[in-house]
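Quick one: the structure is below, questions incoming.
Chains here go by letter, A, B, C and D, matching the order in which they are written, and residues are numbered from 1 within each.
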Amino acid sequence: MRAVLAPEALEAIVDVLRRRDWRVIAPTVRDKAIVYGEIASATELPVGWKDVQGPGSYKLERRDDEARFGYAVGPQSWKRELLAPSVRLLQIKRTNGGLEPVKDAAETKRTAFFGVRPCEVAAIKIQDRVLIGGKYADEDYLQRRENSFVIAVNCGEPAANCFCASMGTGPKVEDGYDLVLTEITGGTHHFVAEAGTDEGAELLAELPQQPAADADLTAAQTVTDAAREKMGITLDRSDVHDLLLANLEHPRYDDVASRCLACTNCTLACPTCFCTAVDDANDLSGEADDRLRSWDSCFTLQYSEMHGGGTRKETKSRYRQWLTHKLSTWHDQFDTLGCVGCGRCITWCPVGIDIREEVAAIRATQEAKS
Amino acid sequence: MGPTIAVWKFSSCDGCQLTLLDCEDELLGILGRVQIAYFPEATRAEIEGPWDLSLVEGSVTTPEEAERIKEIREKSGLVVAIGACATAGGIQALRNWANVKEYASTVYAHPEYLETLETSTPHSDHIAVDLELQGCPISKVQLVDALLAVLAGRRPNVPTSAVCTECKRRQTPCVQVLGTPCLGPVTQAGCGAICPSFARGCYGCFGPKESPNTVSLAKRWSEMGASEDQLLRAFRTFNGYKPAFREESARHGG
Amino acid sequence: MAQTLTETAGSLEAMTPVPYAVTAKRQDTYDTWTLELEPVDGAPIVPGPGQFNMLYAFGVGEVPISNAGNFETDERLVHTIRAVGAVTKALCAAEIGTIVGVRGPFGNTWPIVEAKGKDVVVVAGGIGLPPLRPAIYHVLKNRKDYGRFALLYGARTPTDLVFLDEVKSWQCNYDVDLDITVDVGDTDWKGKVGLVTKLIPPAQFDADDAQAFVVGPEIMMKFVAQELMNRDLPAESINVSLERTMRCGVGLCGHCQIGPTLVCRDGACYTWDKVEKLLAVKEL
Amino acid sequence: MADETRTIKTDYLARVEGEGGMLIRLKGNEIEEVKLNIFEPPRFFEAFLRGRYFTEAPDITARICGICPVAYQMAACNSMESVCGVKVEGQLKALRRLLYCGEWIESHALHVYMLHAPDFLGYPSAIEIAKDAPEVVETALRLKKIGNHIMTVVGGREIHPINVKVGGFYKAPSKAELEAMVPDLEWALETSLETVKWANTLDFPDFEMDYEFAALDAGGVYPIEGGERFVSNRGLDIPIDEFYEHVVEEHVKHANALQGHMKERDSYLTGPLARYALWYDLLSPEARGAAEGIGLPKVVKNPFKSILVRSVELVEACAEALRLIREYEQPAEASIEVVPKAGAACGASEAPRGTLCHRYELDDKGIILDATITPPTAQNQPQIEADLRGFVGQFMDLSNEELTLRCEQAIRNYDPCISCATHFLTLEIERT
């Protein structure tokens, strides 16, 4: 099911969903960045804003139109909604010498993610594979995931650090959404909408709309084609798996370690990084123990700590772990790459380390050798 | 009867021990499970040592303090150093770059009454410390967790990673990327990343994280327009005497 | 979309510990204890040889510990634990009747059934013996199905040898070529002194038709594997068990990665050809 | 008998901030010596401040005292802004006042219930009170927590807040964030009114002193976060910039601190008793009502009754916080721009325990050339010793034990902060 929507129809989307008592999470402007937050009206979207991104830099600027989605991805990702930064897995109570594990009641409220970019849809699919697709599933993630409803938005204006085209995850979403919008700002400002699921179609049917003609679909395709063109291919994924595994001791890792802060920003900003820690927190009486799961990162020393010390003491090994995991060993572990080309790790690295450049540097010496 | 706890003050502002009294929700619960043996800020009562746990606030700045910490070590099961003063020498360690004795003798008729050492040093320079809680002041959450961990025989949850981890978990857009220099990437987590959440760069009050790459961060600050003076001061404030910060400040003069 | 997710999702109960009572306890060395555990209610879990459980000490935390039980005759969980940190200390301090939490069994199993008809070489370093015990019992129980059985056991000092009486009883009661050595002896020690690798050249097995099972510190496994390969045992026939920090034990937390593999999911048992290159890289 | 020497002594004063002791020597009926011994080691703050950038002063001086960091931050800001010729006004000033109310609530609740009350109730500490009367301590903790919560919301955290900056704040809280505190503050207001009544049930020694009360004049409001003039009930009325022309500091042998004196005058008193006596008419109706309700006169001369006045100020801080929140509108900018200028100026604020004055001299690049800080306890120290003399003179018949306890209590009347008092000893730093 397809349709053409006027910008005002976005308000209807929010309306319909809120009337169903769903939470609507969407991009909004806060703290000088575009972040996700619950909205009550489509007017809270970042109307007429764009982002200017560079390695380690991000700035919001005004656009000369009223685009609702005229920016790329910001500091946050939908990971915050699905693999929450910190949750209590369970509480274990001591009862007359015994142990009683108690789980919190499941949250059942549905949540619409409004404005999910193609790379983010891809990232959610990757986390699905990791967190619920194996032999064991993360219960909290599954619950949140089941309650989610994805309204995707195709990309017309990639930021400087975007490379989804290289990773095959954008700028046009292929599947994994309930509803997808393509924003067209040239001429009359409008959206081309397409349902991806029955639920998406149900929502679309409730919106004020015009039928979509072939020309509209072509126009939408032009938007994403232009975006793809603009990005070009900056990371060759075809050979990257073997390239990195063949160069585990590459001197480039010493070079990057001199710049890398091991601050964890890249991993925690990344929409696919899934590592977590489980810690215990006793209550005051000493009779109950909360087992808390929170975001962790392979860039910390404690991450790899065994009795007797860390496995990856040097920043160099931590960076190598991350880079090879993203682009190489993730594939061995989960049959997919761990990077969707969203560029967050580049933008939100406080010293602007660029994953594409690091790969290119390793590739350059490899090619020189052969 | 729970374990005995003694709270000791050395050269400090009292803020870290006040943190214990500031645990309003937890204080009575904790007091129900331990015996306060010595805590003059809160009580006149005293229980003689040895003590199971000593919380030590403040740095060592006088000969008396240098002796006292040894005695406390001998009489305590566990010694936990709390705060930047106790773990790094604190703000008063700025004296370590000045000549205290010389000045005191030119100004005071009886400098011997001052009884102050040339340096302000952390307890780990004097004794073996079992656990350090960094921070100026320490975090309430970490303090309560450490006490409960001791009671449970658990390892305290003291992450040695960067403030950035907390920034990201609380979803604060990185202020450094937005243009405000931030010490978060080289500073140990624990505060909850307060400063960036108030649109200000971290100023390092929790001291260095493990393997801090201060050189790279300082280089970035320079690119962002920070002067050498600014860099020197940034690394030489509340935890300036901790080796990683001390070495970095030295790279920027002084 | 929601429905399809639930249908295909993996098992959900993996993170909830099941209460088990400590029913027997034995001190093996100055820092190592063996606990026997039985479920407080319900049927016991049945691990395979080589699998581990996540053991939870109340209020202290959870750690991976290998199964060391004799599954051939006994349903009780047996864990031999060396007290090195908070959790293992708490577990070792557990008294009879103490309730601990158990999750598992996790990880893969030793290819011991697949080794049928072949010679078996077991090389254990110190506390590496208990994780091999289930496999050893399988061989002993089905002794006639296997060829020669060499058991090479080394430890740092005589006091670090565990299960010594039991090991010696195997030698008496079954056809086992037992050889024991310690790195550093003491006045009472009458046996061999030297690294466990020295026991390999004289060991009796047919390199063309043998399977080796090796557990010990990583560095020991490296040298043992090398020594076994020097005897022309192919790397594919050498099995080792790896150790990395684990927070979940079920492939969700990411901590136990070594390059392309997750130890909790793809291991902890590996054939040497799969891991040799990985372990050769410093801090991988 | 008449010549017998008697020593009243406490080596380490409990339930005060910092390290100090007390020594009183009597020969017969003659008081030979009264000393408030301050052995808290000097920390040389004024020396460290030299060479630092002017914007650092609020963060650095906060570390003089963990109990009243906001007082330091405000005095530092006031002083720096005065040097640079800017004035923080409107909602930003109101936010500062609100933050400060948080500190007053926290500090006063702590002192009234946990540091001072045990003296009146005959307990070594609030920990023991909690065993017999947990509700009293629970009340104290909840009040304290509400004060701390204000500091957390406005300042980022309760000890050494991070949001205070020369020129205002790094980030202004939203109205909604402040309004969320209203229910708690309403409870706190009610409870502080009860606190006044409860404190009035305590027994007070019959003792009065004839004080010179000194406090800031905040120009028509009860002085908290600042004030342009320093005034007293004996005719002192000076612009704060002239503070050091009237107050001299002296290094006495028994203290690692300098003591403040007013030139050509005796000791004077700053703090709740002084603020209350000078500015009674500026108290909120709630606070005045509370005072009237227990028949508290407009001037209180019995230092032991400072607990009553402190409770009245607790009411004031709660009522004021509520008013500030009701009238709050989030300012468009969280701070005003402050360009450094060469010059020198004083700035002051009313710490829970009294007037705190800072003076800075800057060069044209904003580098601090000179810093002087005079905390309330340093100013009160001569007065504390005077109180002890007066009290011992009048109650000489008490047993040694009783007299020691009472003298300690007389010191705690001031809620002295010894950590604050010892940053003084100045030190030249030669930078190479």
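As a convention for this text, a contact is a pair of C-beta atoms (placed from the backbone, for glycine too) under 8 Å apart; a residue touches a chain by one contact, two chains touch by 3 or more.
These figures come from a predicted structure and were not determined experimentally.
Between B-C and A-C, more C-beta contact pairs join the chains of A-C. Set against the C-alpha centre of chain A, every other chain centre is closer than that of D. When chain centres are taken as C-alpha averages, the shortest distance to the whole-protein C-alpha average belongs to B. Taking each chain's centre as the mean of its C-alpha atoms, chain A lies 51 Å from chain D.
With centres taken as mean Cα positions, chain C sits 43 Å from chain B. The geometric centre of chain A is 39 Å away from that of chain C, both derived from CA atoms.
The mean-CA centres of chain C and chain D are about 65 angstrom from one another, to the nearest whole unit. Shown for chain B are the residues that touch two or more other chains, namely 152, 154, 199.
The residues of chain A that reach two or more other chains are 279-280, 282, 286, 289, 313-314, listed in rising order.
Each of residues 59-61, 85 in chain C touches at least two other chains.
Under the touch rule stated earlier, the contacting chain pairs are A-B, A-C, B-C, B-D. Residue ranges of chain B in contact with chain D, taken from their complex: 9, 11-19, 21-22, 24-25, 27-28, 31, 36, 40-45, 61-62, 65, 90-92, 94-95, 97-100, 103-104, 107-108, 110, 113-116, 136-137, 191, 194-195, 197-200, 203, 205, 229-230, 233, 237-238, 254.
If you check the complex, the residues on chain D that touch chain B are 12-19, 40-45, 47-48, 52-53, 56, 59-60, 63-67, 69, 110, 114, 118, 124-128, 130, 134, 137-138, 141-142, 144-145, 148, 156-160, 162-163, 165, 169-171, 251, 253, 256, 334, 419, 425-432.
Against chain B, the residues of chain C that register as touching in their complex are 59-61, 85-87, 89-90. If you check the complex, the residues on chain B that touch chain C are 152-155. By the touch criterion given at the top, residues 1-2, 5-6, 8-12, 14-17, 19, 40, 56, 58-62, 84-85, 88, 97-101, 243-245, 247-248, 250-255, 257, 259-262, 265, 281-284 of chain C touch chain A in their complex.
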